[in-house]
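In what follows, structures are represented as structure tokens.
What follows is subunit A paired twice: with subunit B in the first complex and subunit C in the second.
Let's look at the complex of A and B:
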């Protein structure tokens, strides 16, 4: 009897949370899945009570044939891969430097400031920094004899500029997580390795890095999720251009949904992204568990 | 600060008017319409007393025809919402209408408005929307012809510049909207440079003709080439401290198609004996990959090569900054903003610059068989409509008639003033461009106002059929790919665009699209 009332009490406590989750997470997901199977184009005139026609897998099959989507997907992979490599190496490097400094609190605070800036502001800052004629980046490069890089205005460099700006904003995040990981390392293991004669590089490769691996994988997981959903900076900085040179998959989904008003097709793209994210997430979680 | 001070002045004027005449409406109008900068100064205690007078006289005035009626307007957020709020008290005082202003960011207006006006009953009585969306909005908005035909119903129709009447407000022979913001485009040029004697002499000796404001794109490219110079070279008789560029366009992905259309329209019109078009009206086959269209894109590419290195990333801010703040551009095409702010033009980037002067002219065209084909794109811009199914359509019409009408709209387009903060509204009535007050208050805008009438008489409509945004975005993408070097030939880029346009037409229904496209050209008068 007591057990039943406890169970009811427990359900009563978690019920509001479940209801909120259903309303704000489950329902929109199911709704968007429903939309993905329909020709939901805002330009189609519906009669009162009429719904957008159900078209089965047509939107998903169309994605298979859409070279613009495929190109955007490849660009996204490049964006995530290179961005992550820069952020991991720089973030971990700075964390190691900080770890070896004695007075570092103010520096840590200063270094994490970029990750607090809202993405739209980051985009606008990027437009000013990388302006080809009036921007400080090209001015500094010109002092070293490097002239006229187009950055966001050239098809060659626009995606790289996005990666650099994302790295500027999010390297501190990797740095912070790595730094916290370094602080929590079991010092006796590190000291033993030192006693056994392990030098700086070997100590890092064989002791510190393996011990930091779970922490770094969590950081990678978070960053991959974030980068695959990148949108704001692209919108402000390049609008996917010039041409399609910086059009990543989320931006294309946005264009399809909110510029061409093909909500069904856009939702299908969204679900493809969700499936890809789920696969990456599962793999990463397995690695972390291992 | 100045805004607060201005309000009290108006209250003072209104109070005096109300006390002397005893007319409630008159007092309210005076209170609201009299610009602050023309009123005498007064002290705070007087303001309070005069405000009370206004209230009393309003109450004692004639009955207001829509007393207690609530009208909901969906409008562009931010500065575009300013006049709606500013005039809401006047609207209440005159007609008794409670105006509720719902603000939404411009990028959300299409979807929010479309969903709101499809609801039953509709969520809004009035919507501010972009005239390019008429193909999608037509079933849900009220034709205004009936309201306009009633006694005192004329919104000052004949006063609206014909380009806007024809290409923004009229659709299939009926009036669906009233213009709120008269967007269009002009060619801006450095008058200080064009007038410089040394430059004029050098140009004549180099090209064998006088240096004049270009009337054709070939002339424009010549002039742009002439003025494009490196830092350290001479310009206007003095040494350049920065690189200088003859021309610049706004070529960032997203809206670069406008700068292509400035070339496309005269080229296609010249090729088809004056009939500029986007499609063949009988078959809906795109004309966007014809020889004329390809030539226009090549002209754009040649212009790009004479522009600053980052021009493929130029949006509004970048072009405005390069031209007006850095002063490194000789000619550029833009909205009316520069003309309204010509006093902000930076000096030329030379050691001893002449006094900066901005010139405003028609966009270049194409000359063929002695005839000049010259057009200004009448931008698909912000208009207002009464929503079909509104419970109070007469009251809603009264509101939009007032907001866009001659007296209120003059204040809106002159902004920023002490009375009206920046609204983002550009002139769209003959009474705006010929306004004595406007010209006195903003003398630097006079060249722009003079250019308006000529430009709009040669207006050409932006595409506005269902899917207009998708058609134009696909065009934008093709142009951007070509200019960025992703596609090597103009023909190949435009063939790709034409293929995409055909697909959109088929997707939305060729016959329906043909019908809409024909409606686009059915003009009044």
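Let's look at the complex of A and C:
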């Protein structure tokens, strides 16, 4: 008897949260699926009570043929892949550096600040820093004899600029997570490996890295999910351009809906992104569990 | 050994400069006099700081900032209050096992593009475009899951004995929650609310689509400063600094919670 009333109480406490989530998440998701099967074009004038015309799978079939979408997907893969590589190596490197230091509190705080800057500010400041003629990045590069990289203004470098800026902002995240992981490592294991004569590099590869693996995989998971959602910095920094040279997949889905007014097509792309995401998630979670 | 110490010192310095230089550059640009802006070589510091552009930026961002405080405040309060109950229940009674909490957390990582279209159509149909509600509701999709996980974490760190002792002393079940649990996790509730507030403060996509003029938020205003009579870099940088400084200060004050907050995706537009 006590058990059942306890369970009722527990569910009663959760109920308001669930109800709100149904209203703000589940209902819009169902609505989104509905719209994805319709020709929801904002330029169509609807009479009151009228729905956008149902067109079956047309939006989804169109995605299969849309080379702009495919290019955006490839760009996203490049963005996530290169970005992760930079952020993981730099973040882990700095975390190891910090671990060697005794008084590090203030340094950790200073190094984490990039993650706290509001994304639209990051976008604008990125444009200043990477300005082709008056930016400090090109000035410093010119001291080393590298001249005239167009960065944000060049189709060749715009995506790379986005990757560098994302890495500036989120390497601290990997650093903080790895650093917390390092602090929680069993000290005896590390010490005894040192006694056994494991040098710095071997100690890292054979002892520290395997112990950190679970923490790092979770950090990678979060980063992949966040990078696939990237929008605000892209909007301010490049607006997907020049041309479509830095248009990643979320940005294209947004543009299709709110610049070309094809909301149904945009919703369909949103669902394709969710499906791809779920596949990646499942694979990553499987790796984590293994 | 000596050489090694020097190498380390240099590496720390490089990491620090890379991390802080862009922030320094943003603040510097906001106070550069016009003749020192966009020069070659760029001015890396100035002896004639000019606050004129802060004077131009403040009236431009004032109303959006008030809007953002209202929206982010509502999102923070609603999320934390709901999460006190559900986070406590998840931590203590393990309702729904692991599945339900993970389902809730996964909402936090749902790509915004998949719900932005239905939100736009629904708000348009309900006549709610450009109202506070139009932005508060979608912001709950992120704020609430984050708050639930934060509170769940704080409660599970409490020893259960205290609650048991209180109920033996005749405290009812809601009494235990009110007189024992809530006071003990009060700092955690404040941190949770603050970081939900920050998240909502920085969010861009929903605010961009669902506001027009009346409830335009700070990030939307700042992103839109490109259209105003050419690019006024100093004023934009001043506005960007105004929007960023509160977050930097809060992050420094609450730094010991940052690992947990970042792990639950607490900061990201």
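The working rule: the second predicted complex is superposed on the first by the 283 of 290 C-alpha atoms of A that agree within 3 Å, B and C clash if a C-alpha of one lies under 4 Å from a C-alpha of the other, contacts with A are read in each partner's own complex, and residues count from 1 in each chain.
Criterion: a contact is a pair of C-beta atoms (placed from the backbone, for glycine too) under 8 Å apart; a residue touches a chain by one contact, two chains touch by 3 or more.
These figures come from a predicted structure and were not determined experimentally.
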Review point. Given the touch rule stated above, what does A:204 touch, subunit B (first), subunit C (second), both, or neither?
Key: neither
(Q) Per the contact definition in the header, classify A:116: touching subunit B only (first), subunit C only (second), both, or neither. (A) second
For A:259 in the superposed arrangement: first (subunit B), second (subunit C), both or neither? first
Partner chain(s) touched by A:78 [first = subunit B, second = subunit C, both, neither] = neither
The answer to whether subunit B or subunit C touches more of subunit A is C
Review point. Looking at the overlay, does A:60 come into contact with subunit B only (first), subunit C only (second), both, or neither?
Key: neither
Between subunit B and subunit C, whom does A:240 touch in the aligned arrangement: first, second, both, or neither? first
Practice task
Give one of first, second, both or neither to describe whether A:131 is in contact with subunit B, with subunit C, with both, or with none.
Solution key: both
Item to complete: Name the contact category of A:99: first (subunit B only), second (subunit C only), both, or neither.
Response: neither
The intersection of the subunit A residues contacting subunit B with those contacting subunit C is 131, 133-134, 258
In the complex, the residues of subunit A that touch subunit C are 6-7, 9-11, 13-14, 16-18, 20-21, 23-25, 28-29, 31-32, 35, 40, 94, 97, 100-101, 107-126, 128-129, 131, 133-136, 139, 168, 172-173, 176-177, 180, 218, 222, 225-226, 228-229, 231-232, 235-236, 250, 253-254, 257-258, 263, 266-267, 269-271, 273-274, 277
In the complex, subunit A touches subunit B at residues 42-43, 45-46, 48, 127, 131-134, 148, 150-155, 238-245, 255, 258-261
In the complex, subunit B touches subunit A at residues 107, 110-111, 114, 118, 120, 135-136, 139, 242-243, 251-254, 308-314, 317-318, 321-322, 326, 328, 466-467, 469-470, 473, 477, 480-481, 483-487, 508
Within the complex, subunit A is touched by subunit C residues 8, 11-12, 15-16, 18-23, 25-26, 29, 38-42, 44, 78, 82-83, 85-86, 88-90, 92-93, 95-96, 100, 104, 107, 109-122, 137-138, 140-141, 144-145, 148, 173, 201-202, 204-205, 208-209, 219, 222-223, 233, 236-237, 240-241, 243-244, 247-248, 251-252, 255, 258-259, 262-263, 265, 267-269
